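Take a look at the structures listed below.
Across the two complexes that follow, subunit A remains constant while its partner is subunit B and subsequently subunit C.
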Partner chain A sequence: MSIIQRSQQWGTFARIWHLYDAKWQDPYLSAERIKMYLMGLYKPIYHPLNDCGDHVVVINSYDIALRGDEWRRRAYFHHTGYHGGASWTMAWEVHKKNPTMIMNKAVYKSMKGNLQRRYSMQRLHIFKDENVPENIMQNISNQIKQLRPVPLRLDEIPPQEVAEFPKLVKYPENYIAQ
Partner chain B sequence: MAALCRLTVQASKAIFFPQSSRNVSLSAVSRLKEIREKKEGNTLIISGEFVKPKDEHLQIKNNTTACPLCATGLDVKHTDVLILSQFLRSDGCMLPRRITNLCKVQQKRVSVMVAMAQKAGLMPNLNPPSSKKDPKRRYGYKKYNTYFDEATIQWKL
Partner chain C sequence: MNKIITSVVENIRTFTDVTTVFFIGGALSHRDTAYPVIGMSTNKSLFLKAAFPRAPLNNGIGRYVCQLQRVTLKFCKNNGSSRGMRDFLENDLLNFANENPGVVVYVKPRRHKTPVIVAEYLNGDRFWHSCRNYSREELLKWMEHIRTQAGDMTNVRLRKMWHTSFPSIQGPWTPWTFKNPEHIFAQYPNKEFGQAVQYKPTATEELKRLFKEQQEAKAVQNLTSS
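Showing the complex of A and B:
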């Protein structure tokens, strides 16, 4: 076996570690993307019985963005098993308690409920901020592209750039801008 | 002490050179007009003329009959704060159509997108003085990041 074939073999069957920055990303749309890497669906050698899933490290899960008014509309259901043990918690309350839970549940829900799901979830590592342990960080060799760009805040754009931006509005001659 | 010195200098200037003292004004100064003095022979013509705005070279030329936003053909999103902030007052209120010159649909669309950007906390410096400037300090669900889909805007182009 030549060196090229050997490295190809190694590259095909090694578990790759991917990084995903969840800042300003929708967790439910990101889950569909993360799932591809966790299950190894993007690999040409994929087969349901072939254990070829990768690791995904999700950072900044505190800064996920939900669409519209979903923070207060989306409810998470839990039942203790006792009578009257049902509870519905709003997404923002869940996120306040545990900033990684929404991301975790979104990825869990995106995958089919078979025996492989629990093992795929073990390869998902979610962190609420950028503080990732060094032993995890040194494995990472790929970054997954964000679904939508992180929006710029007006007060964080340099004032020079704001002043020199082309103007659409032309005030009337005698108009005093407030 | 420095202020006192400045005051005495100004007062002495006002006495000796009465024409150059325009530092005192009884009403709010808007700097829209400027007093220009022109001397033709024996007659002195004093006129108030409109001052050209400083950012005139940044104005986008619109030679069509369409509104300024339609004429550019831009697909504006609620994250384009540099565009949206032009239609706002310093307290974050939308300017009227009389000033913005937008068509009815664009005016509605822009005002909805401005509301979206404000809810997402993208323009915290254009807000009423009583507001919390940092979106992370807001109450309850409002402190978390939110994004919007422009397809949900009722007014379509």
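Showing the complex of A and C:
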């Protein structure tokens, strides 16, 4: 095999590092997208027996958004193995203890039935904020698009811009109770 | 006929006399001994060997080594089924032997039997083929086939039936194929590349658009009234 062909082979099977910003994103819908990159499903060379999964670095997992009142409703089950060892922890409680766990479990669950998922999960790196070690950050060469636009809060907009914002309807003076 | 055969004997390492034929094909090939016969607990031998078509030792890249080691042509001097084989021996065998100095050619006449080609390859494969009632042209084709194949592929199940008549010019896919170079050299995290795709304008953008339209309509109204 010539050097050109060998480097072509390396190129085709190279592992790419992707970045995903989980800010204001649904972890369960995001998991479906992250899964595509972790397993290499987006590649034309994909085959179930072909080890072509990529690395995904997830940042801002602390700022994920759950639907409705799922922070209070969704329970995470754990059993110690002993009698009476079952426990149900609410999502907000899990997130308080470990801000990466919900994201981690969501991705793991999205690959249910796949024998390779434990190995795919080893290529997933979740960070609660934007502080990623330099040796990981320098590998990244692609960013996965977010699913939903990140909303902008009113207090994040400069006050001048708020004052200049166009008013279509003129409300009466006493419309807003002071 | 005999005259031609004897001339063949002189030119190539050929034996025309049945009693002096040196035939190597009787030995077991590697495939016959691949699985133990006694105490066999698997039924692997019942299935075809699965393989990919491949060139041994990157044959053909840089240099080519003919994988055919020796070929034995067996025929009858009288029988009609060997007529094409006899024509081939008379007309084409010398050319074949001259063009392929690395191949040992044996010719073995035997009475009242079907003509046969037996080819042996560098990987130990033995390819047996009956040439009953074959014409000279068919034999030319088969000799070319035997010369160019790398081993016996008749008892092999191909793992993949992938084939292309037009091999790719730009080469196989890589993660950087069709990729915007900006994405490779950008600073990450990158807000522009990471943000969600918006297909519809947001409520804020829609409000701004409405306001602009309103202002423009007002301006037009002022112009017409004045």
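Throughout what follows, the second predicted complex is superposed on the first by the 159 of 178 C-alpha atoms of A that agree within 3 Å, B and C clash if a C-alpha of one lies under 4 Å from a C-alpha of the other, contacts with A are read in each partner's own complex, and residues count from 1 in each chain.
Assume a residue touches a chain if its C-beta (ideal position, glycine included) is under 8 Å from a C-beta of that chain, and two chains touch if they have at least 3 such contacts.
What you see is a predicted model; the values in this text were computed from it and never measured.
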Touched partner set for A:171, first subunit B, second subunit C, both or neither: first
Subunit B versus subunit C as contact partner of A:72, first or second or both or neither: first
If you stack the two complexes on chain A, which partner ends up touching A:122: first (subunit B), second (subunit C), both, or neither? neither
Who wins on subunit A residues touched, subunit B or subunit C? B
First (subunit B), second (subunit C), both or neither touched by A:16: second
Touching A:87 in the superposition: subunit B (first), subunit C (second), both, neither? neither
Under the stated touch criterion, which partner chain does A:98 make contact with: subunit B (first), subunit C (second), both, or neither? neither
By the touch definition at the top of the document, which applies to A:137: first (subunit B), second (subunit C), both, or neither? second
If you stack the two complexes on chain A, which partner ends up touching A:50: first (subunit B), second (subunit C), both, or neither? neither
Figure out whether A:145 sits in contact with subunit B (first) or subunit C (second), or with both, or with neither. second
In the superposed view, which residues of subunit A touch subunit B and also subunit C? 148-149, 166, 168
Of all residues in subunit A, those that touch subunit C in their complex: 1-2, 8, 11-12, 14, 16, 19-21, 43-45, 59, 130, 137, 140-150, 166, 168
If we count contacts the way the header does, which residues on subunit B are in touch with subunit A in the complex? 30, 32, 50, 53, 55, 58-60, 68-69, 72, 79, 81-83, 85-87, 89-91, 95, 98-101, 120-126, 133, 140-141, 144-149, 152
What residues on subunit C touch subunit A, complex-wise? 58, 61, 171-176, 183-184, 186, 188-190, 193-198, 202, 207-208, 210-211, 214
Quick one: which bits of subunit A touch subunit B in the complex? Just the residue numbers, please. 24, 26, 63-72, 90-92, 95, 148-149, 151-155, 157, 161-178
